[in-house]
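Below is one structure, written out as structure tokens; comments come after it.
The chains carry the letters A, B, C and D, assigned in the order they are written, with residues numbered from 1 in each.
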Amino acid sequence: MDQQAYKGMETAWCPGCGNFGILNAVKQALLELEKKPQEIMLFSGIGQAAKLPHYMRGHVFNGLHGRALPAAQAAKLANHRLTVLAFGGDGDMYGEGGNHFLHAIRRNVDITVLVHDNRIYGLTKGQASPTTDLGVKTKVQTEGVINGPLNPLALAISQHCAFVARGFSGSIEHLTTMIKAGIAHPGFSYIEVMQPCVSFNHINTHAWYKERIYDVAQDGKHDPTNYLSALEKAEEWGSRIPLGVIYRNDRPAYDSLCGALKNGPLVDQVFRPELIAQFIRHY
Amino acid sequence: MDQQAYKGMETAWCPGCGNFGILNAVKQALLELEKKPQEIMLFSGIGQAAKLPHYMRGHVFNGLHGRALPAAQAAKLANHRLTVLAFGGDGDMYGEGGNHFLHAIRRNVDITVLVHDNRIYGLTKGQASPTTDLGVKTKVQTEGVINGPLNPLALAISQHCAFVARGFSGSIEHLTTMIKAGIAHPGFSYIEVMQPCVSFNHINTHAWYKERIYDVAQDGKHDPTNYLSALEKAEEWGSRIPLGVIYRNDRPAYDSLCGALKNGPLVDQVFRPELIAQFIRHY
Amino acid sequence: MASEAFDVNMLIGGQAGQGMQTSGQLLAKSLLKLGFYISTLQSFHSRIRGGHNYYQIRLASTPINCMTRSVDVLLAFDENTLWEHQGELHADSLSIFNSEKIKVDHGKLKGRLLELSMSQVYPEAVTDEIFTNVVYVGVLAGLLNCPEAEVESVIGETFNKGAGVLEKNVAGYRAGRKFVQDAKVSNPRLTNVHPEKQERSLVLHGNEAIALGALAAGCRFYTAYPMTPASTILETMAHYMSQAQVVVEQAEDEIAALNMVLGASFAGVRAMTGTSGGGFSLMVEAVSLAGMLEIPAVIALAMRPGPATGLPTRTEQGDLEFAIHAGHGEFARVLLSPGTHAECFYQTTHAFNLADRYHVPVLVLTDQYLSDWYTRVPEFKMEQVTRDYGPMVEGKADYARYALTDNGVSPRMVPGRGEGLVVVDSDEHTQGGHLTEDLAVREKMVKKRLQKIEGLKREYFMPEVMGTGQDTLVMCWGSNRGVVADVVAHFQQLGKAVTWMHFKQVWPLPEERLRPLLSAYRHLVMVENNATGQFARVLQGETGVTIAQRILKYDGKPFLFEDLLTALEKLLV
Amino acid sequence: MASEAFDVNMLIGGQAGQGMQTSGQLLAKSLLKLGFYISTLQSFHSRIRGGHNYYQIRLASTPINCMTRSVDVLLAFDENTLWEHQGELHADSLSIFNSEKIKVDHGKLKGRLLELSMSQVYPEAVTDEIFTNVVYVGVLAGLLNCPEAEVESVIGETFNKGAGVLEKNVAGYRAGRKFVQDAKVSNPRLTNVHPEKQERSLVLHGNEAIALGALAAGCRFYTAYPMTPASTILETMAHYMSQAQVVVEQAEDEIAALNMVLGASFAGVRAMTGTSGGGFSLMVEAVSLAGMLEIPAVIALAMRPGPATGLPTRTEQGDLEFAIHAGHGEFARVLLSPGTHAECFYQTTHAFNLADRYHVPVLVLTDQYLSDWYTRVPEFKMEQVTRDYGPMVEGKADYARYALTDNGVSPRMVPGRGEGLVVVDSDEHTQGGHLTEDLAVREKMVKKRLQKIEGLKREYFMPEVMGTGQDTLVMCWGSNRGVVADVVAHFQQLGKAVTWMHFKQVWPLPEERLRPLLSAYRHLVMVENNATGQFARVLQGETGVTIAQRILKYDGKPFLFEDLLTALEKLLV
């Protein structure tokens, strides 16, 4: 098997878009994990990022803007033998889909989520997203953004998200490692991916990121199991931006706690009419 | 003026419900701030907590389950001369309304929000809420809660919420102080109120709280302007539960940043047809 | 034991939290154990304590289809209850209350009174009010002349906690019973009330029937956000979670709930959600998604009075047109509208079959009345339940989820079974499921999706019709079946040429087949629990047949027998 | 300058990002400056770069109501464009392209060709492709014989950045112009194309007209979540934020948006939101809330093809029935359906007045075609705009928000103005606005809320009718007005007895007044951009008049002149 095994339809992203790097890393991670397209389910909402599953091979559920996570979690519970990944933009996952993101962290179903954070609404042509910086002017934020930007890493860590990492679409190898680690980690794995948008974000460019990123794992000092130091790392932004596994813990995944899944994937359970007849007679 | 000035319709809460203490503290705080009922707008969603505005006097907008905050923020922007308060339960504000809570923190409109956290769905008769503890059994969570409980204080602090405090419905004086401080603080003030539900929460009872609570202000050691120590306090739960102002900062409120509000409340602005005629002619 | 025909209506009222629900349930349980046909109606305020709530129990010698207004026995836990229900009493009615707690001017009360001094009857119940319930159960059981031992055995089952508690309850029951025997109250309506033992029957409410229907259909995933009056479906499902291997998850909101259903269904299991109008409003975008993705989904919509929060604990049929058109864009859907508990059960199983065979969202439309309607019904038979999962394939490598077919339905495959890949997309898409902006493909896909409506119309559940003659047709849908059937039967017995018709499916409507059915009658009457006659409008719009008369009720209560009787009397003169 | 009648249709096509939108806009701007009547149609894919997009410009000597299919000049930025549009060319059409980039078999192309070697015409545009646009503007301007200086002045206005850039653009323009003059292309359709100077006209698209309407109505609060094709209303409003003292806030989601509108409106300012079908689906619960709270709210619903995500950048009228019934429970609402830019403007101002006078949600229903339709229209007059805020009081201490009145409308007060308190509640409520479970009050409140429908029907905007004779009536609503008007006028000129009717309000319908209007005709035809004939069904349902013929289009494109011509021809034989 090689990356060709995952080749999907032709992309419709702008040349130079950070999404290409992410797509690349996703394929590479799956390849290295030897997942066949038949073994993966890919979920997404709507946006540029959310088109990714079409450019791959796998089972695909490209649903509504902001609503990838509920569908992804449920599908995992219906068949927890398959690997589930979800993809979305910063608007998709943190704006429209903010509530699902928050509660998916709590629910801790064993799926892996990549948020392609270009800090802008790409597909709808450049309005501010929840992560757009203060002061940035757009066609809607004509006098500059005045809402404080979301810190999604801090949000996730504050709720003891099982696995929290940050990658960069321009560091494909590193991102590949993060995705593999996320998939391997039981429970809800969240990877925030910094992604340049060449058409609408002229601040957080590829070069801008390149100048700032560093790998937290490099000096061996960061302990991703430490809640407070993870939160401290999540606050770091500006001249230096940390990449890597920022936080993780070993909360048991929903899938392992749910009584209904004890006998294996739901989808494989055989229907037992006599059981139901018994329930009925109880009334 | 005395508390009678705020007396509204007869309550429909269960005898012994923590909501009575909260109602009391709200009235007392407004009284001490000398706010006339005509000067306050009270917003709520649906739930036991959300009935509170009916038991007060003031302008009242009792809207949809989970949706008090959008209405409250907008009303404040429409007339920022009035004091705006919003009330809701843990299901209302953190479950159904989670996304609005998250983004209201970012938007930082100058309103004060009380979440009556009884760690259960009261009005709908006892299902788990986002803050119900792991393992608690209910009619829906028949095998015990398996979703990790939300830590709403940590959530708010992680996003640099302007003002974050915790009160207890059984410590009315302290809660009154918190509400007054919240109203005084410019920007989004969030007060998490621990509230016993005598009908459906038999774990976190009045006595349970009484044994555990302490005032963070007492020993003068907690610095609410320190992000990380605030997050540390927010994690404290179990044998000791901190009350008081957990976190605050001086982010400017939306109201003070928004260009359209520079000339005073929107509701007082005079319509200028010639201005619009000028816009039109520009096309 | 031979028995005369009887029909007794009892009302137990008081404040929420006073326990008259316990009395009611205890009594209902006992009566049911004894084999009576009973039916109950609960009127609750949206609060946990206080207010005026009541519990009505009708028992009769034949199956009960609806509730009546006229009250034979009124058991008042507080004074307010006495006054609130005077209008429902007749000269023979018996009002029972504790004269130590309720002091009233007897002259102003209708019917006969049976006053009881609790301190004399059972002093224990003055010390601890919790024992009041069981005393009243004794009083009512005594009045009805129920076999003593059998009621005691129910009490035994209910209070098996501590030995002391059970004993006090039994003693209280006996005290109440003794009191009523000593009082020698006689009432022709209350004598010879003896049940015929009913074999193989169930006692449940509509929501339990729906939950059992879901389980019988092989539902493996149920998710919902709590909302009255749908919450008890969630609770019933949750009860069977591990036993039946069904994941039951409380969603963070209704939006999540329906999107989860679609995710689970996509992955290959039968999935369902339930809610009321407000929650359904939030699901609407995902209903449209189900239409576009062509993923089976079953939604129970238990209606309550709107708009907005409305009256959370009351009943209405006000969301019909909304449900028919909910969701942007054009796509097929089905609305089933069970009228009995059996239909709640079987229509729910059908809902899954239709959803799987047409890949559309199917709604099971009920209301608070039917949801909470607690009664005895014949046992549901698993042998009568079919599970038809629709066209399925084990996907070859070239599997195309939206392959064009003769009937608009493309075979499904379960992801992971076979070589194929299942690709679904909320954008307009190719047969393979990938997004496209090819406008010729768009046209084909629109036709494919809408074509299913034809198939669905062919499989329409034709309405149930009872009566002869071509004069007056009284129509209804959903929960009004019972009251319409009983009231029309009453007129039929009086020799009137009147027929009733119950629609257990309200969408889509096969206008060609329905038109002659309706046109056959001279007078068409529609009975609905809403203010604008929604189904009348829909049926008229689809068939072109004018429905001139509408009997509507929209105060939050269901039609009682007398309500409809009076309204129909005016029309049938 | 005298001018003959003319009508030229140009199509500029290529990939997103190739800049043919710039060319188109530059050209359009120049032509508009010159005073031409022009109209444009944009066909975009839902992507930022690549795909096949095109920009169509029609210019004529009289006002333009719709677009045509037949293309006179095709400017191809890529080969694909040449092939995609062969079907729209006629023998005289001129196809223009850079023969250095596009090599094709000439024999297979329809019409005449004008090939250009960019390296010879303007080498600078080979070095830097950005200058390609302006060369083509020169070519087209030359072809149309536009006054040289005036186009240059537009170029001057557009590229005032750096001096070097402007010069290169002007040079490119001149080069293109020279090329076409040298080439001596003659085309009868392209000569004598001279504008008559239009005084006091505006050039804008439908969404700008709606935004201006909102501003003209005194809207002070606009909030929305971005969604194509409604986003440009948000963007236009945002442009005027500080200047016009209007808070413009991007909401976290559509649910927040409409709840914010209700909050702002409650507090006393006119407030509005805008979205497309998917976003509107999310607003539905709050639509019901608006109905219950009786708070004015204006919602622009710019439709696009569904279900679900559908075709985000295309047009459809598929959400009508959904919008009519959106929201649980029963309550009044209004749906306006402007057909022209002027109607977009004036109907939006009316929307605010109706919302304020009846305290109901009012929808302004458009579609992607009208939203993006960029054209020249007569100036909107502020003198013709009234602002009627409905019954308002300065509240006394006993102010009751839901006081029962003759017409169901209770005077509003602004919180903080006067002694009264404004209390609104999503539960059923008393006149004072507090929650109640009194079922008699419930009944009164239901009647109060529904009574408004009668008033709204009396104020219905009757449809616009044009034609004589009682034979055929061609009806439409919303954006189809232009094409229906033009095509029917064409048949009228041919002497056919055909009339057109445009509905600028689609709900509620005053069936009594509409019935005779429709019944007067022998043949009724409805033209709609959807697959099931939604308005035909609604109108038929309400009036009982059968609409036998439907002309439907649902491939995501609007009706072009020829589309409707062909369809109507078949019906009018």
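Keep this in mind: a residue touches a chain if its C-beta (ideal position, glycine included) is under 8 Å from a C-beta of that chain, and two chains touch if they have at least 3 such contacts.
Note that the structure is a prediction, hence the values are computed from the model and not measured.
If you compare A-D with B-D, the chain pair joined by more contacting C-beta pairs is B-D. Chain centres were defined as the mean of their Cα atoms; on that basis the chain farthest from chain B turns out to be D.
Per-chain CA centroids place chain A at a distance of 37 Å from chain D.
Mean C-alpha position of chain C lies 45 Å from that of chain D. Taking the mean of the C-alpha atoms as each chain's centre, chain A and chain B sit 31 Å apart. Centre-to-centre spacing of chain B and chain D amounts to 42 Å, using the average Cα coordinate of each chain.
The residues of chain B that reach two or more other chains are 46, 63-64, 95, 98-99, 102-103, 107, 130, 143, 258-259, listed in rising order. Within chain C, residues 45-46, 51, 241-242, 248, 252-253, 255, 278, 285, 289, 293, 308-309, 425-427 each touch two or more of the remaining chains. The residues of chain C lying in touch with chain A in their complex are 202-204, 208, 212, 215-216, 218, 220-221, 223, 240-249, 251-253, 255-257, 259-269, 271, 285-286, 289, 293, 379-380, 382, 385, 387, 414-416, 418-427, 433-435.
For chain B in complex with chain D, the touching residues are 8-9, 37-39, 41, 43, 46, 51, 54, 57-64, 67, 69-79, 81-82, 99-100, 102-103, 107, 258-263, 266-267, 269, 271, 273-277, 279-281, 283.
The touching residues of chain B, counted against chain A in their complex, run 95, 98-99, 102-103, 105-108, 130, 143, 146-151, 154-155, 157-160, 227-228, 231-232, 234-235, 251, 254, 257-259. Interface of chain C with chain D (complex): residues 45-46, 51, 255, 276-278, 280-282, 284-285, 287-289, 291-293, 303, 305-314, 316, 318-319, 321-322, 324-331, 425-428, 437, 439-440, 442-443, 446-447, 449-450, 530-532, 534, 537, 540-541, 544, 546, 554-557. Against chain C, in their complex, chain B makes its touches with residues 12-15, 46, 48, 63-66, 95-96, 98, 121-125, 127-128, 130, 139-143, 199.
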